[in-house]
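Consider the two complexes below, in which chain A is the common component and chain B and chain C are the respective partners.
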Partner chain A sequence: MKKVTRKISVLLVILPLLTGCWDQRLIVEQEVVNGLSFDLEDKKIKSTMVVLNIIPKGTGFFDFKNQISSATGNSLEDTYRELRAYYTGPLTASKSRIVLFGESFAKKNLDAYLDLFFRLPDPYLGSKVAIVKGSEAGELFTLKEIGTNPIAFGLYEIIEAAESNSTVPIGNLNILFTYFNEEGKDFILPVIEKKGEKVAVSGAGLISDNSYSGKMISLKSSSLLLLFMDKYGERVDLETYLDDKKKLNNQVGYRVVKAKRKMDLKKDGSGLPVVDLHLDLKVMIHQYPRTEKISDQRMEELETLISRDLTKKSKAIMKQTQEANCDVLGIGRKLKETDPEAWKAIDWREAYPEIKINTKVDVAIEKTGILQ
Partner chain B sequence: MLSNKNLFFLIIQAQVGIGILGLPYILYNDVQQDGWMSLLVAGVLAQGILIILVALSRTSPKETFYELNHRLLGTFLGKIVNILYILYFISFSLLLMILVSDVINTWILHRTPKWAIILLLLIATTYIAKEQILTISRTFLFFSILFIGLIILLFMVYPQDNHFGRMLPMGSKDFTEIVKASPDAFVSLIGFEIILFIMPFIKNPKKSLLVLTFANLFTVLLYVFLFITCVITFSGAQFSLIQEPLLYLFRGLSFHFVERIDIIFLSFWIVPISTTLVVQLYNASLGVQNLFAIQRNKCVYLLAGILLGLCLLPVSYSIKESLSSFMIYLNIIFVFIFPALLLIIAKVRGIKA
Partner chain C sequence: MAESHDEFLSSDLTENLKIIDEKMKLTADLKRRKLMFHDKTLFILYLDTITDKESIELHIINPINKQESDSIEKTLGAIQFSIMTTFKDISTSLAEGNSILLTENSNIAYSITTSADENRSVEESVNEKVTMGAHDSFVESAATNISLLRKRLRTPDFKVEYHTYGPETNVQVAICYLDSKVNPNVLQSIKSRLDKIKDNDLLNSRQIQETLEDFPYSPFPQSLRTERPDRAVFNLLNGNTVIFLNHEPSALVTPISFYSFLRSPEDYNSRWFVNFFYYCLRLLAFILSVTLPAFYIAVNAYHSSILPVSTFYTLKLSVLNVPFHPFVEAIMMQIVLELLKEASVRLPSAVAQTIGTVGAIVIGSAIVQTNFISNTMVVVIAITAVSSFIIPNGEMSTSMRLMSFPLIFLAAMFGFIGIAFGLMVYTTHLVKLTSAGKAYVEAPNIIQSFFSRKNGKGQDANALE
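== the complex of A and B ==
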């Protein structure tokens, strides 16, 4: 009898502890934020958020509705307070898919504004991040869907596709947090644009010192930049004109099978580094203007042609990054790691646009598809 | 009787606990990317202490540390020392529980009161700690499967966006600075002092030093691996901000069907944390048993009650910082200096006899 009472009393003590009643957060009561965007409006921040409401319509069928609201204020917390008032339940950013910045907002120092994402344990850091060009970032959410996906998911997938097509390196809030605080290395963010009722990635925006420089690398060149960054995605497709005349159907298209990048730092007379970039590519031709046999001699010609073309293009890209003062290759970081004394002696923000960057691309054709 | 396998897992479970969450952060703020050297220095230090502890407990393998104290220092002095040791284990457990409840409070359960977390933790640990040492060690052996999980997860960080160059420049700090940072790493290696109390229960005492060495090596290598993973993943200024780098490391991980690995990981990692607590409770309860001659499981209940009471005091949380910096010195006194003195006394007496 005594044993039984003891057991029961122990159970009575333990049972209330098992319910977890303090921290239960029911998903039905939550308003799950799917997308967030920040714009600058009259020197104030305008936050827009989209909450996805799923409306069940009988078995297996459901419709969805985006609930969009925006608020302005001096800080993110300011706008958040106002935004909360629009929704029935507590807001949670633990499932947000996408964070968009308006162009003017992106030109502010982003790291200071985004602090709350990193400081709190709840927000989801896998969200994709992008800069919106041409329109207000919040305006993108007014599109109901992309393809069959709700807008926030659609934007996520568009950026994911851009990553595997090597337009931009893989990025999310978490990676952003790392690069915000990295000395001697800048990063690039996808730039998206609203075109009519559709949205497309239009290039890679160069970020300088944690704020958008306003310049971007176009869709055509960004893959080459990614090869030089050693951060390319699943596919890298490039093309080169067969001769200088840019006439119709005169391009050879090729896919990079293997890429090897080498970065060497030397010093010039004034103590500034001189950078030698070397890229070794193995490619597979996947498009040739004529369906004919490519002879060995022609192959060699093509290799030199492509090498020269890519070398030229890469020089232009490096020039662009220097104009934007965006050390996306992490040359400064490399200098810091290999030669800390020299790194301390120079102000990298001022030095980077001035340094000499030599690029060289060597291309070897490995395959020509299933046709010879 | 404890086999070598049991002993090995008992020691690593006693060593690895809450410290692993914050260790890379502390080391990085001390000596930046050279922190792994401090870890190795701390490992060598721990190895030296291990040799002393084993030598001490081998002087009379049939006695626990508390009985040894009585014999070597006389009844009065021995009793005082034993009480001090019990107080040391209690304050160690107290600090541990404060840190655990803090981490859980900030990362997972924001609104759950701390006393509830601590009560749950204490119920679980007392349940294990009241058992015989063999049962405890077998439980630990089972729990050790979590280490495999940790190592796999750490490897999963590697395909992410990281940069090995962050380890460079290597050896940029002075050797004295590296040595100075090693006590911070040493705190996370504490736990092997349990050997003082379990020597009578070991099947193969002669091999014990070897087993302990391997356990220590495992822990140090695990820490070094973790530290290197953190360094190559986080950028400099970021690393100096993140208080629990291990959790933040997993916060960035995401798979197709599983997200927020950090929270899942922490929920499981409470187990290795509580094993450290079990070891402390076990050590303390042996002391109480020696002092008052009551059954050991009752001593465990008594200690758990005292700990719960201490945690309920509102001051407990405000002294967190001072207690943890104080603990660094206490560890060295109680785990290193005092046993070393005792070993000298034992040797001198041995020669006399």
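== the complex of A and C ==
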């Protein structure tokens, strides 16, 4: 009995010593991937990876350096194997900030290529995703920093700012995953552009059937689209020309205080749905050509002016989404929910560009700022 | 069997004196004085070193010399005495500090209480200081200590029982309780356990603690040692038992619950929300001091994925040039801390300050500058130490700090899984633990009353005790 107890206690001591630590990954050894980008080059994938190295310079001071490497291959893992060879420690994507797609790569079927991110537990699903227009995506990483932020962090923050300015809806790898598996709803991704030594968000790229359609909603109109999507951010600022002349200092600027969207589906003779979109806005005037009191009568005039302008603009935007075949409002999903028979009867990818979308915007001015 | 024949006093005075001398092993401090009382020879024997000579003079010698009355009993009337007939009783009585009065042609002896009561006066407690509330504390005499309790509990319900343990030390143990509040079963078990120490030589309260403990190998103290009468009284009112060991300036409270160790006597003197805040703070401190270093190591070695990116880089920056595994770092730092603490406790207070400076400046900052231990590890260990120091009870505080070591080891081996496993073992142990038969950890009354609607109200007064 005593012998058995001794054997067991020896085992209890030895087992942890033999088996422990096998999955240890010390902070010191880890190479942290901050940004990833994917381009298409000669029908092969070119992955670029940026790793941020920090160099301590005495207590409290440090410098940083971006270590960039690229590799080409037929799949992500193919390139990843080569990339790993460039770095001194085990790579971890748990702190990745940004995933960039080159325009040509984005036109491929994205969900098939990003599968790696969703199957492994390591990658950070809060990473922002963006499409790079005009240049190779990997080229963006060659900029050392944006402002005072290292490049990957800077890109992350640029996109985050675009989200709160209602240019693009809030999105990251995690949200992307839910869209990939959603029938009858498409999504938009921020499009960024390198302008000289700077990087800026230039609009919202329309994704059709999990690949980039090549069309994009410009910076000016994307806020209105977001209002129709009911996914606007912290601030929505819009402006309207006071009359048809597009001259200097002739715009009224307003901030949306409250927005209410209504979507109604009806059926026309051929069985295709007709969509009525109604947007009810309460706004605050925050810019007017003259610093004076706006009379009640003028206010009413402004309300009808802005309503008409926004209705016109929204029609154009909806047209654009139809041209890109990007059902960003989720009309298909709504149809699937409310009328499953009709949904089964039509092929949505073919039907969406054909359907009629009526939009109407009603604006009520609630405040005129601190000036009465 | 000559010995047993000599057990009782004979009427031969010189023979009696001789036997007593032998019984006391001819010790040098045994003094005798010869007196005359109505033509009879009397001898007073006492141990010079522990008797109060003034009392002997005043209460024994003076009345006898005056020969006020015929009998000795009446002459000694004013002072407490008992009659003894065996040498064994006489020698024991002498050792306790009593004076023995032997008379000619008599086979009885009088034992008169004359022991010197040299006590420290009641002073402020050193180990359990408070800013608000009473400042008295127990001293090295059970009688004085009980008087401090009686002052606060003027009720006939308050009962004291004296027992003497240890054949060599003959030390008095006082068991105090409120008769109407104490659980008779618990009291019975305490008494039967104390009876077990009869064969040992009792000297410290630790020995009593040990016999009272249900689980002597547990790291948790299962009886509360306090220097403060108000705290003892509070526990008495809750139906607990207070045990004094004569010549020990602290009371042992048993049974006790785990939560009492997180209580400071000051709590009962402050407003409820202040009280509640500090109580929560101490609970947090308990959790921190046990798990924080282990958590840090697990994060550093296995689970850095859970860190936000900015925290990650701050951490990486601080550990970048440290050559040791975080486990080694933590053990090193813990040992340095224990060294400093132990050094400053043992040294006289003037030198202890120097140790504080050496610890903080020389070791603390130099160890970081030489890249032996990372900045963050120093912070983590410092927080752990400070958290354990805010626990009002010293025994519990040390236990907590030491309990972090197994967790540190498990965290270094298995990461969070190891910590979870370790905490599971700790929790199982805590739940199983009993103090004098009562559960050591239970759901606090506030939670119990929340779930049982019947006595939901009126129970919250001492909800957290």
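One rule holds in what follows: the second predicted complex is superposed on the first by the 353 of 372 C-alpha atoms of A that agree within 3 Å, B and C clash if a C-alpha of one lies under 4 Å from a C-alpha of the other, contacts with A are read in each partner's own complex, and residues count from 1 in each chain.
Operating definition for what follows: contacts are C-beta pairs under 8 Å (C-beta built on N, C-alpha and C of every residue); 3 or more make two chains touch, one makes a residue touch a chain.
Everything numeric here is computed off the predicted structure, so don't read it as measured data.
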{"item": "Superposed partners chain B and chain C on chain A - clash or fit", "value": "fit"}
{"item": "Touched partner set for A:Thr338, first chain B, second chain C, both or neither", "value": "first"}
{"item": "Touched partner set for A:Ile14, first chain B, second chain C, both or neither", "value": "first"}
{"item": "Partner chain in contact with A:Glu182 - chain B first, chain C second, else both or neither", "value": "first"}
{"item": "Which superposed partner A:Leu371 touches (first chain B, second chain C, both, neither)", "value": "neither"}
{"item": "Touching partner for A:Ile54 - first (chain B), second (chain C), both, neither", "value": "second"}
{"item": "Chain B versus chain C as contact partner of A:Asn174, first or second or both or neither", "value": "first"}
{"item": "Partner chain in contact with A:Asp23 - chain B first, chain C second, else both or neither", "value": "both"}
{"item": "Touched partner set for A:Leu125, first chain B, second chain C, both or neither", "value": "first"}
{"item": "Closest Cα approach, chain C to chain B, once both complexes are overlaid on chain A (Å)", "value": "5"}
{"item": "Chain B/chain C common contact set on chain A", "value": "17, 20, 23, 94, 124"}
{"item": "Chain A partner contacts - residues on chain B that touch it in the complex", "value": "106-113, 116, 119-120, 123, 161, 163, 165-166, 168-169, 172, 233-238, 241, 251-252, 254, 259-260, 262-263"}
{"item": "Residue ranges of chain C in contact with chain A within the complex", "value": "300-302, 304-305, 307, 309, 312-313, 315-317, 319-322, 325-326, 368-369, 375, 410, 412-415, 418"}
{"item": "Chain C partner contacts - residues on chain A that touch it in the complex", "value": "16-17, 20-21, 23-28, 30, 32, 52, 54, 56, 59, 62, 92, 94-95, 97, 122, 124, 153"}
{"item": "Sites on chain A touched by chain B in the complex", "value": "14, 17, 20, 22-23, 94, 121, 124-126, 169-170, 174-175, 177-183, 185, 231, 330, 333-334, 337-338, 340"}
